[in-house]
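Both of the next two complexes hold chain A, though its partner changes from chain B to chain C.
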Partner chain A sequence: MIEAPDLSLAALAPLLFVFGAACVGVLVEAFAPRESRHPVQVAVALVGTLGGLVTSLLLAGEGLVTAGGALAVDGPAVFLQATIAGLGALSLLLFAERSLDPARSAFVAAAAVPAGSPRDRELMTAPRVQTEVYPLTTFAIGGMMLFVAANDLLIMFVALEVLSLPLYLISGLARRRRLLSQEAAVKYFLLGSFASAFFLYGLALVYGATGSIRLSAIRESAAGAGGGVLLVLGLALLVVGLMFKASVAPFHAWTPDVYQGAPTPVTAFMAACTKVAAFGAILRLLYVAFGTSEWTWRPLVYGIAIVSMVVGAVLGLTQTDLKRMLAYSSIAHAGFLLTGVIGYGSGADGTGSGLGPTMFYLLAYGLTTIGAFAVLTLVRDGDGEATHLSKWAGLGRRSPLTAAVMALFLLALAGIPLTSGFTGKFAVFRAAIDDGAWPLVVVALLASAVAAFFYLRVIVLMYFSEPAVDGPTVGVPGLPTTIVLAVTVTATVVLGVVPGAVLDLAEQAARFVG
Partner chain B sequence: MDTAPADGLITSAWLLIALPLAGAAVLLLGGRRTDRWGHLLGTGTVVAAFVLGLLCTLQLDGRRLDVELFTFMATGSLDVQAGLLFDPLSAVFVLLITGVGALIHVYSIGYMAHDPRRRRFFAYLNLFVAAMLLLVLGDNFVALYVGWEGVGLASYLLIAFWHERPSAATAAKKAFIMNRVGDVGLALAIFLMFAQLGTVAYDGVFGAVGTLAGGTVTAIGLLLLLGACGKSGQFPLQAWLPDAMEGPTPVSALIHAATMVTAGVYLIARCAPIYDETPTARAVVLAVGAITLMIGAIAGCAQDDIKKVLAYSTVSQIGYMFLAVGLGPVGYVAGLAHLLTHGFFKAGLFLGAGSVMHAMNDEVDMRRFGGLASRMKVTFVTFGLGYLALIGFPFLSGFYTKDAIIEAAFDRGDGWGYLLGGVAILAAGLTAFYMTRLMLMTFFGRPRWEPGVHPHESPSVMTAPMVLLAVGSVLAGFLLVVAFPLEAWLTPVFGEPEAAEHVVAPLVVSILVTVVMALGVLTAWLFVGRREVPVTAPVRVSAVTRAARRALYADAVNESLFMRPGQWLTRALVFVDNRGVDGAVNGLAATLGGSSSRLGRTQTGFVRSYALSMLGGAVVVAGALLAVTAG
Partner chain C sequence: MNTFPWLLTMIAVPAVGAAVVAALPRGRDESAKRAALGVSLLVLLLAVLATVAFDAGGERFQLTTSVSWIPDFGVDFALGVDGIALVMLLLIGVLVPVVVLASWRDEPTGHRSMKTFFAWLLLLESLMVGVFAATDVFLFYVFFEAMLVPMYFLIGSFGGPRRQYAAVKFFLYSLVGGLVMLAAVIGLYVVSANELGEGTFAFDALRQVEIDPGVQKLLFLGFFVAFAIKAPLVPFHTWLPDSGAEAPIGGAVLLVGVLDKVGTFGFLRYCLPLFPDASRDLAPYVLTLAVAGILYAALLAMGQSDLKRWVSYTSIAHFGFIALGIFAFTTEAGTGAVLYMVNHGIATGLLFLVVGMLIARGGSRQIGDYGGVAAQAPLLAGAFLVACLAALALPGTNSFVSEFLVLVGSFPTRPVFTVLATVGIILAALYALLVYQRTMHGPPRGVLLEPSPETSAPTAGAGGGATATTLEAPAAAPARLRVRDLSRRELAVAAPMVALIIALGVYPQPLIDLIEPAVAATMSDVGADPAGVSPQAPVEGTD
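So, the complex of A and B:
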């Protein structure tokens, strides 16, 4: 007789909410009449994610292992679930924007119609819009929330796939420049499967070495016999799989292409939420499962952090497309986040370590980056969004408010004081210094100095250059985008000026159970 | 050194920062609506801040008062309170910044009258004043750092104010990058203090610095010095300051002469308790000061651009201040006194140079000036007084404060003391030479004006601040050294002055300095004043002159040491990226425009190479991990 595993439904509420909404979304797609589908889908997805946000906030302070030990609902899980749900809701609002593009949506009306065919051209101007993307995205958000709570490697793998598959799909759904978008989706899919294979193989090796897939059991086994070569190889492959998702160099190659090709709201979603989820999993894997073999992975993460910061910052310098530039910025930020991961500290459960600062950084970066991509959706010319740098020349004169908002986000990304970016960087660097990793912080400061240069270049371009003759127009955002911009601007400023409360929250949440 | 909570008017010291900040916000957000009265608002906020600062200073009475504002970050071990520290040292800086700042705001009303973006200019100036006040008023290193970055940003915006000139854009970039190098040092010093002491508040750090290991304190001292060198244009980060003269002249006067560039001196003086613990770092400060003051003085002798001469002079004079604060307790007051008097006369000299440029259709080449003394009487007299104060003419400002530094150097008593004193005296001679050369080429001799130039005196809105600053240049030294000694005022900060044992009698030093100065003036007259000044710079000159013209090859060194390797790194990475893993940037147009077969071919090619790069990364990762465990 098989015993039913213990299930704490209350602790699972955020996941149930989001996955429930995703399932309802599928049903809506099947049964609701086409005209009313869009508003209903948006409402269902928002209710689901906001419900997930609220329920995870209510879980604050929880620390238990449930679902037969497969899920850990602890401080970091709850904090990151709330972050993902909140950022997911903001991204969904960007998805739902219908007043910017003359074609009424950023998503293709019928993805199966070949690009450039007569039918495709016909649909381009048709009022029909894509609605499957809402349940797909909600599934991805659910997968991410599961990812950060996974307490064994198999659940982690399942969550990885649940979050990845919808992402591959929705990256290919751009309404304009469809070939580029489809190319991005295929690339992302192929490379993502490749990375998943790494993860899976690592899982198998770790199971072979320790006889368990439970993180706590791996920890005990690693602390005892050590596990030898198999365990170390397994760790290496698991790390590669996760670093791919977090777009850390040298596993970053897909990032610029996919960020550029995907519809901008999807890029915003990927840049913010995927990063949070992937780092949640990295933190849990390294701190919980391999916390006792800290000295095995530390040099490695150290090196990867340096590579990622340098590659992101230096290659960002030569970009001429804003989406690609933000992609390299995301790679550099992944390196900065890894400096927080290095600050392992002394507490076995992650207290007093880089955990809290890293989570704060994820939240701050996520909010800022969604805001930055939201601004990108506003600036358009005949072909859709005008993302080439030259088009942004003199924007400060033509549209002062848009330029000022973008300048704020860029300053935050550069880590200038009084923005959330500074607070986050300060916190993670401090964690790394506390743990004696000051050479890493030297590199990080130099890299952020280099990176600051390309962010400021955009600001200079917007304010100090003559406007281009055939310059883009700045669209008037509808209600959804306005909400997103208002929330992200406020958060960027508040987390920079009075970050105390949120930093505190992250610090309190920084306790793993395992 | 006990800190008491603020009382009375000083509780509202935050208004000092808030006023100009609000001014900047109104001007930047208000847009064109504020064009008509924006400059008046900008000037008003700084004047109001000056009045408030003066009233606060009168109430201070030698105390150190802490103004609690709010908790910036408080989490676990990290606790940063945002608060202000109003003590005699910050009071002195507040008065300098708002006082000289207000005068320069007034001057700018006239100087920028015809600039279509005058409102924006005042907004940036206000932003600068607010950031600079935060820098000197913060009671912890994070607040100082925020202000430090803020003044850097304002300086960048103002150097690039006439960004349509490529040289201005390049200069701004250069200033930005060199400052970032310094900022990294400052940030690391703050992190190091925090890691070791668990606090970033001045009181906490200075109270506990004695418990640290010697090496750590030295590291902190050197990193702070790196920050100071970046901001203050000291060796080896001096090259940005002369280029920064591309900004409008009031900016050069306020930011790149009187206030911002002295932030490094403030930092080192404020961190006196740290340097007290580390003779090594203090010796490096001394060396930096001595080297810079010579570099600045030598380079200043061969420049033809009037603002560049003044800029190198600034570099050199700040070198004097570094030398002074590097001497330790005997030098702090001397260095700060020189900082204040320099603030007056150098701001006055720059405003005078601006007035000359105003008259000469923005010409800066001194070979195109000449004979202006009779055409611009007010400018000539005020500039002349600033000149006399700078070269240390007896009983003017520079005489008192520069002599004090040279005396303090001799007072070290050892061979180094004589060397430093000698260097300082020699540089005083060079100062007299290049400033006299500037005076002769600008105001005397035959006019060498471009055709169509009709010099005229500037409007009174510009000359009034020049007159006030000239009065300051004449009197400040006497007031600060003899009448109301700065030494007594700063006692609560630096402790009771020790009774100085003079190795060389002060009178001998004064006479020596005066003689060397006279020699400098005489040499300048022999070389420049007696002969006709060629309109184009002579090509066949000695190696020394060539080196001085190129500022002792500072740019060449920077280029070959930092810029080229940086460019190579970027190019190499881009090359690897394009060829190896990321052809899509360039392939984009081809991908879109090309036929489908080609599209398919390139596509698989890219993914394959991406996957290859991932595989390579994975192999490296696994290999590294195995190596770590094996080893």
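So, the complex of A and C:
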């Protein structure tokens, strides 16, 4: 007789909400009349993600393993699910912005039409908007939320694919500079497939070494048998696959190109949500499955963190395109996040560890980075967004408010006190020093100083340079972008000035089960 | 009266003032100035009242306020002042209104509004008060770093031709120092967590923690680098001449007058009491840097051709004296050093202000572009002379008292360093008087000269143009300078500073009474004899 696995629907509510909305979105795409599709799709996607956000907040304090042991609905899972759903909703608002681009959308009307063909030129100015991007994105959000709750490696792999495939697609949907966008999509797809293959291979090796794909079982087996060669190799391959998604150097090669080529709202989505999801999985894999055999992963992560911080900070210096610059900044921040991951502490259940600080950092960084990309969508010239640094000269003069908002985000990314970026950095660095990893923190501080230089350069350009004659114009944002900017600015300041409540929340959520 | 949150009010008032000024509609520069002046005078009043409420013989930290801020980090919004911090607050209170008044007629560069300038200035004042009033190390660090932002915008938006370079250099130097300090701050927290069972950032609790000497040295260095960049000590000083030269005059006054004092204040407040063993062990090296700074910066000052860079180098030399006083570990020298911090703020402040007035008249920063100004503008020259005399510490000026205290107090413990530092006094006389003589006396020459019909306006070259005119001018017709003397507003800027220089030179006792108990407490933390080292029994450091 086959027993149905236990399934707590309440604990799965956030996932059900988001995946449900994605399925509804597909149906809307098929049956709703074209003119009403856009508002309906936006509404469905927002209801789904906000529903996911609310239900995951209601689940706070939960700690159970469900779905036959495949999913762990615990503090970190719920906290990160809420973070992903919230950041996802903000990104969707950026997707829905229609008043900035003269063509009324940042997405190409028909992605299959060859770039530069007569039909393409025709569509360029057509008022048609395509709306597949909403269900695709909702699926990706669902995949990410599944990713951070996966309690066995196979579910983790499925979630990885569910979140990745829509991302490959939507990075190729830019309305302008389509070839660049398509190139980005192909690059991301090819490299992403390699990463998935690494992950899968690692999965197979770990299964071979321990005889289980359940994280808790791997932990027991690893603790009992010690680290066999198969296990170590498997762990390394799994980490490579996850680090790729988190755009950690040296697995970062795709990041600048994809960030630059993808439509800016999609870049914002990837920079914020994918990073949260990937780090959620990294934390769960390292802490739950390999928590007892620290010696196997600590030197590995230690080294990767240093490489990522140095590569991100140093290569960021040479960039002249803002989107690429933010891409390198995201690589450097991945390194800072790993500093928090290192601060594992002694408590096996995550007490006194870097878990809470890392989750706080993810939330703070996600909000700031979405805000920064939202500002990028406002500054435009004839060819769409003006992302070349030189175009931003004198922006402070022409549009003081936009420049001030951008300056705030840049200061937060640089980690200046009284912004969320500083609180996050302080929290992860403290966790690392607590654990004796002070050389790593010294490297992190030096990298922060180097990175501060390229953030500052943008502020210098905006405020202290004369405006260029043929400079870009600053679009008046519609309601969606305005909401995004308001939320992200508020969050950046509040998490910097009075972070107590959220830090508390992250600290309380920092208990893995499974 | 004593329960009134003086310090919180002194932080809040300028911060609110900054927000109000920033929110004024465009083009209302006039009301912005008035509001800024009003707010800064109010802060001065608050500072004076706080001084009245302060009991010099009482508790070490007074006027305390403490609110839990980030419980997860164990951080409190804890404020409180000892005598050292209090005199710095008074200095801030005096300097900011003077700076507002001095910037009254500044023409904004480009299309920038002066409104923004005053908003940044008030925000800076709020953060400067915070940095001296914080008794929580984390809070101190937050103010320390946040203070960079307004100064960065003041230099970058309102500065001279190379302002971009100067602003970025200023920010990066300070940020690097700050980040190194951050590592030490976190380290201190972790050490306290190991020692006390619960991590803390509270200064009073940290003072009790016994730290392993090796760790102490590392933490000391973390703090020291940040403060040495800020102060600045040679060889961390190269940002100051650039920033000082490019900053608008008001910004420059606050930069060397107050911001840099955070460095020397930090030595006294954090390095000495928290890391006494490391301080004693490393003192010879710090003193070497200090004395090298006195001599090296004085020599460089003599070689400057740019007025503002010249002032910047003189203050690097003065910071050497302050550091010497602090690391001599006697109450006398320490008191002298703190007094020096106040006096230097006033004296160098006046020097910068007068130089700014001169530059406003001539439009050039080159020393060689001025000559014989005294004949036409006796008040301007008089103020410049007082500032120069204070810079060389002539008896009767305020700087004399502090320099004398530093040297007398340092001699018993550190005779060699003191003797070497004394050479700096001679150099000071040279660099101060030479510039005074070149610009104010002698035949009229330079950019302020009335253009005579046959000679073209000598604005092109610094040296060449000036000498050409001096040669020709007397031959053609008696040269005339077109230079206004001080206006009433400028007089209102200079007069209080001159008055303070003389008053504190003649009667510094009230300040010394405020400072001495706090310095004595600091010196007893570091293990020096709190009563001051008697000359009969010199204690030769630890080595």
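Here is the rule we use: the second predicted complex is superposed on the first by the 513 of 514 C-alpha atoms of A that agree within 3 Å, B and C clash if a C-alpha of one lies under 4 Å from a C-alpha of the other, contacts with A are read in each partner's own complex, and residues count from 1 in each chain.
In the analysis below, a residue touches a chain if its C-beta (ideal position, glycine included) is under 8 Å from a C-beta of that chain, and two chains touch if they have at least 3 such contacts.
Predicted, not measured: the structure shown is a model, and the values here were computed from it.
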item	value
Partner chain(s) touched by A:G343 [first = chain B, second = chain C, both, neither]	neither
Touched partner set for A:L233, first chain B, second chain C, both or neither	first
Which of chain B and chain C A:L179 touches, first, second, both or neither	first
Which superposed partner A:R397 touches (first chain B, second chain C, both, neither)	second
Which of chain B and chain C A:G192 touches, first, second, both or neither	neither
Chain B versus chain C as contact partner of A:F429, first or second or both or neither	both
Touching partner for A:G500 - first (chain B), second (chain C), both, neither	both
Touching partner for A:G51 - first (chain B), second (chain C), both, neither	neither
Partner chain in contact with A:A449 - chain B first, chain C second, else both or neither	both
Partner with the higher number of touched chain A residues, chain C or chain B	B
Shared contact residues on chain A - chain B and chain C	416-418, 423, 426-427, 429-430, 433-434, 438, 441-442, 445-446, 449, 452-453, 456, 460, 464-465, 498-500, 503-504, 507
In the complex with chain A, residue positions of chain C that touch it	69-73, 110-112, 141-143, 145-146, 148-149, 153, 156-157, 163-164, 167-168, 171-172, 175-176, 179-180, 182-183, 186-187, 189-190, 193
Chain A to chain B touching residues, read off their complex	177, 179-180, 183, 186-187, 190-191, 194-195, 198, 229, 232-233, 235-237, 239-240, 244, 250-251, 253-254, 256-257, 260, 295-297, 299-300, 303-304, 311, 314-315, 317-321, 324, 352, 356, 400, 416-418, 423, 426-427, 429-430, 433-434, 438, 441-442, 445-446, 449, 452-453, 456, 460, 464-465, 497-500, 503-504, 506-507
Complex interface listing, chain B residues touching chain A	31, 70-78, 142, 145-146, 149-150, 153, 160, 163, 169, 176-177, 180-181, 183-184, 187-188, 191-192, 194-195, 569-570, 573-574, 577, 581-582, 584-585, 588, 591-592, 599, 603, 606-607, 609-611, 613-614, 616-618, 620-622, 624-626, 628-629
Chain A - residues contacting chain C, complex	397, 411, 416-418, 422-423, 426-427, 429-430, 433-434, 438, 441-442, 445-446, 448-449, 452-453, 456-457, 460, 463-466, 498-500, 503-504, 507
